[in-house]
Each structure stands twice: as C-alpha cells, then as structure tokens.
Amino acid sequence: MQKIMHNEKSLLIAYDQGLEHGPTDFNLNNINPDYVLKIAEKGKYNAIILHHGIAEKYYDKHNATVPLIIKLNGKTNLVKSDPVSNQVCSISRAVKLGAEAVGYTIYPGSEFEHKMFKDFSKLVETAHTYGIPVIAWVYPRGKFVQDNLSTETIAYAARIGLELGADFVKINYNNDFEGFKWVVKSAGKAKVLVAGGPKLSDQDLLQRTYDIMKTGASGLAVGRNIWQHEKPLEMTRALKDIIFNNKSVNDALKNLK
Amino acid sequence: MQKIMHNEKSLLIAYDQGLEHGPTDFNLNNINPDYVLKIAEKGKYNAIILHHGIAEKYYDKHNATVPLIIKLNGKTNLVKSDPVSNQVCSISRAVKLGAEAVGYTIYPGSEFEHKMFKDFSKLVETAHTYGIPVIAWVYPRGKFVQDNLSTETIAYAARIGLELGADFVKINYNNDFEGFKWVVKSAGKAKVLVAGGPKLSDQDLLQRTYDIMKTGASGLAVGRNIWQHEKPLEMTRALKDIIFNNKSVNDALKNLK
Amino acid sequence: MQKIMHNEKSLLIAYDQGLEHGPTDFNLNNINPDYVLKIAEKGKYNAIILHHGIAEKYYDKHNATVPLIIKLNGKTNLVKSDPVSNQVCSISRAVKLGAEAVGYTIYPGSEFEHKMFKDFSKLVETAHTYGIPVIAWVYPRGKFVQDNLSTETIAYAARIGLELGADFVKINYNNDFEGFKWVVKSAGKAKVLVAGGPKLSDQDLLQRTYDIMKTGASGLAVGRNIWQHEKPLEMTRALKDIIFNNKSVNDALKNLK
Amino acid sequence: MQKIMHNEKSLLIAYDQGLEHGPTDFNLNNINPDYVLKIAEKGKYNAIILHHGIAEKYYDKHNATVPLIIKLNGKTNLVKSDPVSNQVCSISRAVKLGAEAVGYTIYPGSEFEHKMFKDFSKLVETAHTYGIPVIAWVYPRGKFVQDNLSTETIAYAARIGLELGADFVKINYNNDFEGFKWVVKSAGKAKVLVAGGPKLSDQDLLQRTYDIMKTGASGLAVGRNIWQHEKPLEMTRALKDIIFNNKSVNDALKNLK
Amino acid sequence: MQKIMHNEKSLLIAYDQGLEHGPTDFNLNNINPDYVLKIAEKGKYNAIILHHGIAEKYYDKHNATVPLIIKLNGKTNLVKSDPVSNQVCSISRAVKLGAEAVGYTIYPGSEFEHKMFKDFSKLVETAHTYGIPVIAWVYPRGKFVQDNLSTETIAYAARIGLELGADFVKINYNNDFEGFKWVVKSAGKAKVLVAGGPKLSDQDLLQRTYDIMKTGASGLAVGRNIWQHEKPLEMTRALKDIIFNNKSVNDALKNLK
C-alpha cells in the first residue's frame, strides 16, 4: 500500500474515462494518453489509473516513474438499465503490465450487486495473495437507490468496501462536511479516497479538497479537474500543498497565479 | 463443533450488519470493529461472526482469544427484488483468516433459492472436508413467502438446514413457545441458534432468551442487543447465566443492576 | 442395480419430503430420521432415499443394513414459478456417504427443463463411471404442462428418463391401468418405479400397488403411506406380499389385521 | 466421414423422437429400440441416430453392424418459449458408446441462438480433435422467425452449419426444387442431409427423395417414414435405389409391390 | 501486426457475411468460398477474414498466399433483441487453422455489453500471449443506442477498442470527414480500419476510401464491394492505388476502364 501513498496520503490521477464516459470528456491534448502520463510523471502523482488496453500500449513499466493502477472492470454509459460492470482484466495481466494496485467498481443497490460482490471478493483474495492492494470504487446506483449522494448511502458504500476486503474505498463527496467524518469512520481501516468528478473552479476544487482532507480522508483521485485544466502541473502542486503539506486554500491558490 | 460451543450450548456475537444493513446500526463506538472484538473477548463469547474484509484487517488469529466465524455470503438491504446472497469468501480464505466455522445465508422461497441451495451444498461438502462446521442462516423470504414468521415457515427453514447439511441453523424466533419446540425437532441433529434482531429491553431480551433455551434451542447469536447496549459485558453475563447456568430471568437481571 | 432390487423388483422408502414439502408431512415420530431408518431396516426395504444432510448425520454406512440412495437435487415447495431443482450433492459425496444409487428430479416442460436435462445427463455419465445406478424422478410440470397426469404425459416422462440414461424412472401412476402398460413400454429397459403420493386407505394402497405391478412396473417408492401409517411394518409386509410374492390384495390385507 | 457414407451418399435412420416428440410417434413395435435397430442393421443404413441413454442400453458396439451417431443435445416439445437445446452427452461419452459421428441441433433465430452457437462450436473443436464428424441439425425457429420453411431461411440454415464447422447439415426440404439447389450451394463443402418429417405415402416419399437427390443433396435421415411403415425393409430398398443407384421413382416403387 | 499490414496500411477482405447476413448477400459465384479466396490471393490482400468452419474446409494454411484472420464470434441477423455475439472459436483453434490475427465483434450499448466486454478482454489476454493481434469490430447497437452513426458514438466505439486492448478497431464511417479525424484520434495507437458496408458505385467507393485514408485511418476491410463487383481485381487495384500509393480518385478509377 505504501507504493501508492506518501506519508499515509495519496493523490491519484484517473484516466479511465474513455471507457466509462467516451471521448466527450477529452480535447485534442488529453485524448492522447501520453499527455496524461506526462502530467502524472511530472506532477509526481502517487499513481495513474488506466484500463489494461491503454496500459499495454502506453505505459512502459521499465521506464515509467509513476506507479500504475489497473482498473479491472468497466462499462460504457450507454446502457441505461441497472449497472453491472464486468471484469475486463485479470490480476495476473495487471501485474504483468506493471500494476502496483488494482481497482474495481461495485454498484451496490443494482440488481446485479450480487454479481459484483462475488467477483470483487474473488479478486481481493487473488490480489492479496499477490500482495497487491485493491481499491474499490463504490457507487450505489440503480432503480432501488433513491439518493446516491445522501450521507447515509455514502457511509454504506464505504462500509461495503471495508466488509468486502478493499484496502482503499473510492467514493463520492457530498459536501456534508460533518457527515463525511462518519463516512470515513464507516470505512474503518480501509482508506478513503474521494472521486474527482466534473471540472470545478480552482477555488472550489481546492476548498473541496481542503474539506475532504479535514474529514479524515486519505486523499483524492483526480481526473478531469487536472487533465482538462490549462495548467495541470500548477493545479497539481496546489492540490499537493493541501493534501501533503497542510497548506490553506489561499496558500495553495498561489501556485496558480 | 465443540470449538464454538460450551457444554453443548453456544452464545455467538454477530457483527456482519455493516454489510447487511449499513452503518445505520452503528454509533461512534460500535462502528469500530475493535470495540466489538473487545466485547467478544472480554465476554468470552463462543465466537464472533465477521465478513472476511473485517476479519482480515482486525482479527489477529495468532493472538485472538475469541474464535472466529466467517460469514461466507452477503448482500445489502438496498436491493428490493427477491433476495439472492452470493458467496464472497472461499472456505480456504476463511481458514487462512483463522475461522473455526463458517456461515451462509439461504433465502428459501426466493426465486433464486435454487442458486443458494447449490452454492450452500457445495460449501458444506468443502467445509466438512476441512473439518469445519457450517452454520446456515435460513430466512424464508421473497414474493412467494406470505408469512416468514409463521411457525410452519420457521420449522421448514430449520428442516432445510438439516436436509442440506448444516451443522447449525440460525433462524428467527416468533414468540410461539410451544410451536418452537416443533421447530427445534424439525432441525433434528442440526443445532438451533436463534438470531438476535433489533434491540429489546433488558427484561424482554432475557425473557426471550429464557424461553428460547427452554424450547430445546442450543443458543443465540446476538448483535445489536449487545454492542448497542450501554453495558455490553453485564448483559453478556446475564445471557450466559440463562444459557449456560440455568438461571432465572430475575437472577440474570441482577448482573445489570 | 441388483443392490437395490430383489428378484428384479424393488420397494424403496423415500424420506426427502422434509426438503420438498417441509415438516408439515411429519408428526412427532416420523420427524425423527431415526424412526424412518428403523422402519427401513426392520422392513428390509431395498433402499432408503435421503438428502445428503440427513444421510451424513443419521446414516451409519458401516452398520446400516438398508442400502442408501442419495437424492442429488432438491427444492422447496415455496417457489411458485416454473420449477427448477438444482444439484445439492456431488456424486463423490454421495458415494462417500455410502450411496448404492443416486436420484435426481427432472421437471420436463418447465422453462428450466434444459438446465435439468444438462445436469442430469452429466451426472449419469459420472455415476455410470462409478458404477452407480441413477434413478430419475420425472415429473412434467410448469406453465406449459396442461395435464401432468395424462397417460400421454406420463409416458413421455418415462421415455425421457430412458433417452437421458436413467436406470430407473420414478413416475406418477394415474389410475389408467391399460394406459400404464404403454407407459412401462415407453420406459424400455429403464425400470419403472411408481411414486407414492399422499396417504391412502390400506385397501386403496394395496389395490393400487397390485394394479401397478400388473402393468409391468418394477416396484414402488413409498413414503407417507408407510411412515405416516400406524403399523408401518405390517403395511410393509403387505406391500411386499404383492410386489415380491404375487399375493392378492385380500391376502396382503391379512398382514394388517 | 466415409464411415457414415457410401459413394458420397448417405441414408441415416433417426430414432431420437422419443425425447423430441414423446412416445406418441410410436406403436407397440417401434417403441422398442431393438425393433428399430434391427431395421437399421438389416436395411444396412449408413448409421442410426440415438440419444445416449438408448445407445447405452441397446447398442452393442462390439457386435453392432450399423454405425452409431449420438445426438448430443435434446429437448422436449412441451416447452413453448423460444427453443434452446442443451448438450446432454459429452463427446468422450459418445465415443465410449461407439459413436462414429455426433449430431447437435441449432435453432437460429431463437433468443438462445448465441448459447447454441457457442456450445456447438466448442463441440466441433473437440470432435474434430477426436477425428469425429459433426452433423448439425439446423432449424430456424422462435418468435423472430417468420417463415422457417422459406428457401431463404433454409439456405441461411445450411450456411450457418458450414460457417460454424459442421461436416453435415441436416435441414428441412420445402418442396422448392430450384430453390433447394441454392440451399445446397449455400452449404458449400458441408454435405446436405434432408430431415425426414411425418409419414408420407410411398409415392410421395420416393418422389420427394428423388427430387432432393437431384438438387445435389447428399442423402436423407429418415425416421417415422421407415419405422412407422408396414414394410420398412422394402421401403428402405426403395430409398436406396434412388439414393445410391440412380433409379427412377417408378423403378424404386417396385420394391414395395 | 506487420503480417497483415503493408507500410502501416492495410486492405482486408471480409467473408463472414454468410453467418452475419445469410446467403442473400451472395450470387452463384461468390457463394463459393474458393471464389473469394482466389480474389484475396490474386488481389494480394493483406488478409482474408473467415469464420472457423469456412477456414477449416477451404483455407489451406500450407499453400495459401493470403494471410488468414479468424472471426472469433458471430450471430445471425434473425434475432431482433439487443445483440449478443458469442465466441464460436477458441484462439488455439484459430492458430491451428493458420490465423495471423483474430477478430471479435463488440456491441456497446447492448444490454449484453458486459458479456462481450468480458469475453473480448479475456481473448485479448490470450491472443497477446500467443503474439496474435486482435481486431475489434465495435458497433454500438441496441435499444439504448439512439444514433449509432453519430460521430460521438463512433468515436466512443473507437475508444472502447483502445481501452479494452484491441490492436485494430473496425468501425463504421459516417461521412463526417472532419469528425472522423477525431474518431481516429480517439482510437490512439489502435489502428482504425473502416468497415465496408453495402455495395456502392465505383466512384463513390473510391471517393469514400480516399476520404477515409485522409482522416488518418489505416485501411479498409472490404467485402460486398469487391466480391459482388464484376471486376473484383480491377477494383482491388483501384483501392490499393488510393490506400498504398496515394493516388487520386480519378487516377484510381483508370484501373476500371
């Protein structure tokens, strides 16, 4: 776990949106995985999150300076029925591609929840045999989930990750600062990483990051807020000042001036 | 089987609610698995019931003084269709984590009953090869089950456990004292453990325990009634006085004064 | 096959109703498997039919004097959709428990027919490799089956068992004496055993048995008509007089006087 | 392939109707597999087609003079939803029973088409490893199939067999003489065998056979038209005169006078 | 990958339509696989795409001069529900048949998308272990896909191929010249091959090919436009002049005069 952390905190960069959302998230720069890999390396991220196809063609495990996390399952946003995300990469392939950790999305509340619970638990068993930590993306979703951003629902998501063996849970932040402390407690010894989401203003992103870290979370997985940013490395420095250096939002903002 | 019994009786503490119900069952103390593990050890429970994720991070098999039961399947309470609970931990992983016994929930009457019957029977075969006893949680449930707490239904649940190879059946008590003797007979040589349920008053919990033991049941699996209790160790002593020492309800109540 | 026959005829005692119907079939005596096992031994039945859970806890293969048949699949009567009965015991476990033969229920006409056809055929292949005979319970059932007791339907059931490799077919008798000769012919070299059904008067049961044997069937699997009977051993002798000794109904009835 | 052909033509006798249609196709003679086996041997058919259960009990591979084809999948005609026919016999069991070739039914257009495509292709791979030819019964069927006997549909059926690796395709003849030449071309190097169907008059059966052979087909699989016939061996000789000896319908009819 | 390319460009000939569309695409010449194989060899195509059944019977790996691509999955156009195309050939069989590359169709947006994602990813892992490149046919399709030919949808298709490990993506061209450059960028290091589609006029086909190559695509997979053409070799030369020799449409058209 220490390989994708620094002083018990972590800042990851996610680049699996090409499968999950399609290229509409991209522009002429960031559609190229090399562009994002360069940000990840220059920004000294704790790891970059890729699907196996991109990793195989773009990530050079012998020369890369940023650790790799392989996202093991995935789906498009085209299908509108209850979500199910199938495993698309084995752990042994992830290891061969150079992964230091693996990720998997669970959608609790989906009518296919049982399938993902089973597959996730199997991969936890395998990954821990390899000594590989597992990050669970836990997003309650589907026709039975009334409010996927209530504090109660997010706390449930965090707990599911812990109960099923995740080392990290990647969950959404719902701007309920006090409530999120409860969410972090629900995750227990599983470390909480907050998912990035759509692009925010610099001030909002940094304030949100500041709040998240104060709830006890262990870090962030950013994506669009970095590789859609005009100054991705400056914003990276600002985030790191908050996450690792306990800086204030105003101090962090100076990186962007 | 003797490893999780004492004089043919058993008092277990269950802590799988984080997955089955979410953290709404918890408060700032009992959300922490260490809190419940300490109760289990100090209260000298016959075993504690955990999901594999919690066991892996919190249960230290080399130093623990309370035996471990791994719950092998699980689901959330978010999904409202006919229940199906998939296996989330292999027997070999359970053994590696230190389990002395394993548990599995069957929902007879669910349209997915056949799936759980098959998976349960396979794990019985494997567990018995390892010499590991199996506890079947048997809860008739789903659109075809009109009254899941009728004596007839609970007796059917008990019998299903016996027929499919369970060593213990964990079932609900419906306050039909005479009828429950029939339930216990239906379980045959499979020992009957009664599920705890929501928190009761001290008097009610002890009276209920007293009655249950008089029907011929072998014990209780408690959860919320202990770790939501202000004096969990005192209540534990009271329960043990009834279960193991044949004390009256009034005598047992003295532990709580 | 000879191990569960006598002079090419067979009288079996079935005790799988605890799973298939629930304990409502039982009273304070016969709810105890030992009670039925004793009848089976004293009555010198050709075999007793049990689920693996009961066999494991009650059947002592080293000392038992009645051969064992393990029923390999099962379901409850709670689920009301098209029936599917999953395998709940492997052949190797059945053999380990002491089985001389195995049984499996197929529901032709169910929308899950294809699943049971596949599983049944696989187990026939395995069982015959072990040298273990297979009894197919064949009960056409489900929304597509208009009349599951027509002679045409029962003849189809018998033939399915033959075509899919059963050594015995266990089917219903519909009181069409002439028609049932055709049913028996449809089964070819697969031997026909008639299922017992709900309790009848002594006279009716013996007359029915007499008729069945005259159609060319090889025997009966009885259950409730024996272990719900006040004089199970006397009724057993009466049945055996008809099945093995070619006695008349009136002669057989003398056992019960 | 030559083991079930003679001069590149083939006349097979099918006896899998007991499973597919039930015993309503049978009378007191032909309900007995020995009766049909005797016809197959005396009539010197290129092979007889049986399900594994019948083959195991009636076909003596050491003394049989007619080659055996095992039908590997099957279903009843009771289920009225889109057809799916599951594999009920492994190739290794078929080989052990003495099979020189194997058969499998595909229902293109069924919503379960994808399942049968997958299973069929796997068995082709296995069978060809054993050196065993594969006959594909290809019958477009199900709610999406408007006209399962149009020339276009039958040509599609033939082509599916070729594309998926069948050595023979067994398909229906729709009395479109010119169109069926196109069907035969669609099958390419896969040889076309025409399915028999319900009983016809002698004249009609022979004329139909004559026409079929003139379209370029490689032969026939007959069933009811032979074993429901009063003079099965004479009709066999008549069919063989047309198929192997290029006789006219009138000449062939003389066998039956 | 170089085995099915020439100077980083590729012209493939597809002949899997017999399964996907049925023989309605064929005439008396091209219904014969030998006819198309001859075109492929004389036209020096970079490879021919076949299903395993045709390859096994017609493609002679020892003497063939055109490389082989085996299409690993397939379905008919009869079934009208959301598309699912099952694997019908293993990689090891494809290799045994002489394949230099393999193809597989994914239908993103289908409710069975998750199944194809899983199967495709597994075969990528296996194929790359063998050193075999994989071509993903990616066609968004099904009730959730509103416009399967919008530039956004096709760009998503291309990206899915890249993310899931395809070496080539075979996608549709929607005549949005500028937009298709974005599509090609979305595919990243996965090379873009454009699917052929129904027959066009010579002028239209060549203009379309010219445009496609200018967007950055790596080539074409043609089928009906060649083997339904009166002068397939001349049209092949015209296409190659555009794809490999940078000729104008008018210059290429001279091959057909």
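Just so it is clear, A, B, C, D and E label the chains in written order, and each chain counts residues from 1 on its own.
Keep this in mind: a contact is a pair of C-beta atoms (placed from the backbone, for glycine too) under 8 Å apart; a residue touches a chain by one contact, two chains touch by 3 or more.
All figures in this text were calculated on a predicted structure; none of them were measured in a lab.
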**OP:** Provide the labels of all chains in contact with chain A and in contact with chain D.
**Re:** E
Original post:
When the CA atoms of chain C are placed over those of chain D, what is the turn angle between 0 and 180 degrees, to the nearest 5?
Top reply: 70
Original post:
Same residues or different residues: which describes how chain D and chain E meet, taking over half shared numbers as same?
Top reply: different
**OP:** Give, as an integer number of Å, the spacing between the C-alpha centres of chain C and chain A.
**Re:** 58
**OP:** Find the geometric centre of each of chain A and chain E from their Cα atoms only, then give the gap between the two centres in Å, rounded to an integer.
**Re:** 36
Subject >> Per-residue multi-chain contacts in chain D, two or more chains >> reply: none
**OP:** Pick one for the touching-chains graph, please: line, ring, star, complete, other.
**Re:** ring
**OP:** Can you trace the ring for me, chain C first, then chain D, and on through the rest?
**Re:** C, D, E, A, B
Subject >> chain A residues within the chain B interface of the complex >> reply: 108-111, 113-115, 117-118, 120-122, 124-125, 128, 140, 142, 144-145, 152, 155-156, 158-166, 182, 185-186, 188-190
Original post:
Across the complex, what residues on chain B touch chain A?
Top reply: 16, 18-19, 22-24, 26, 28, 31-33, 51-54, 56-58, 74-76, 78-81, 84-90, 93
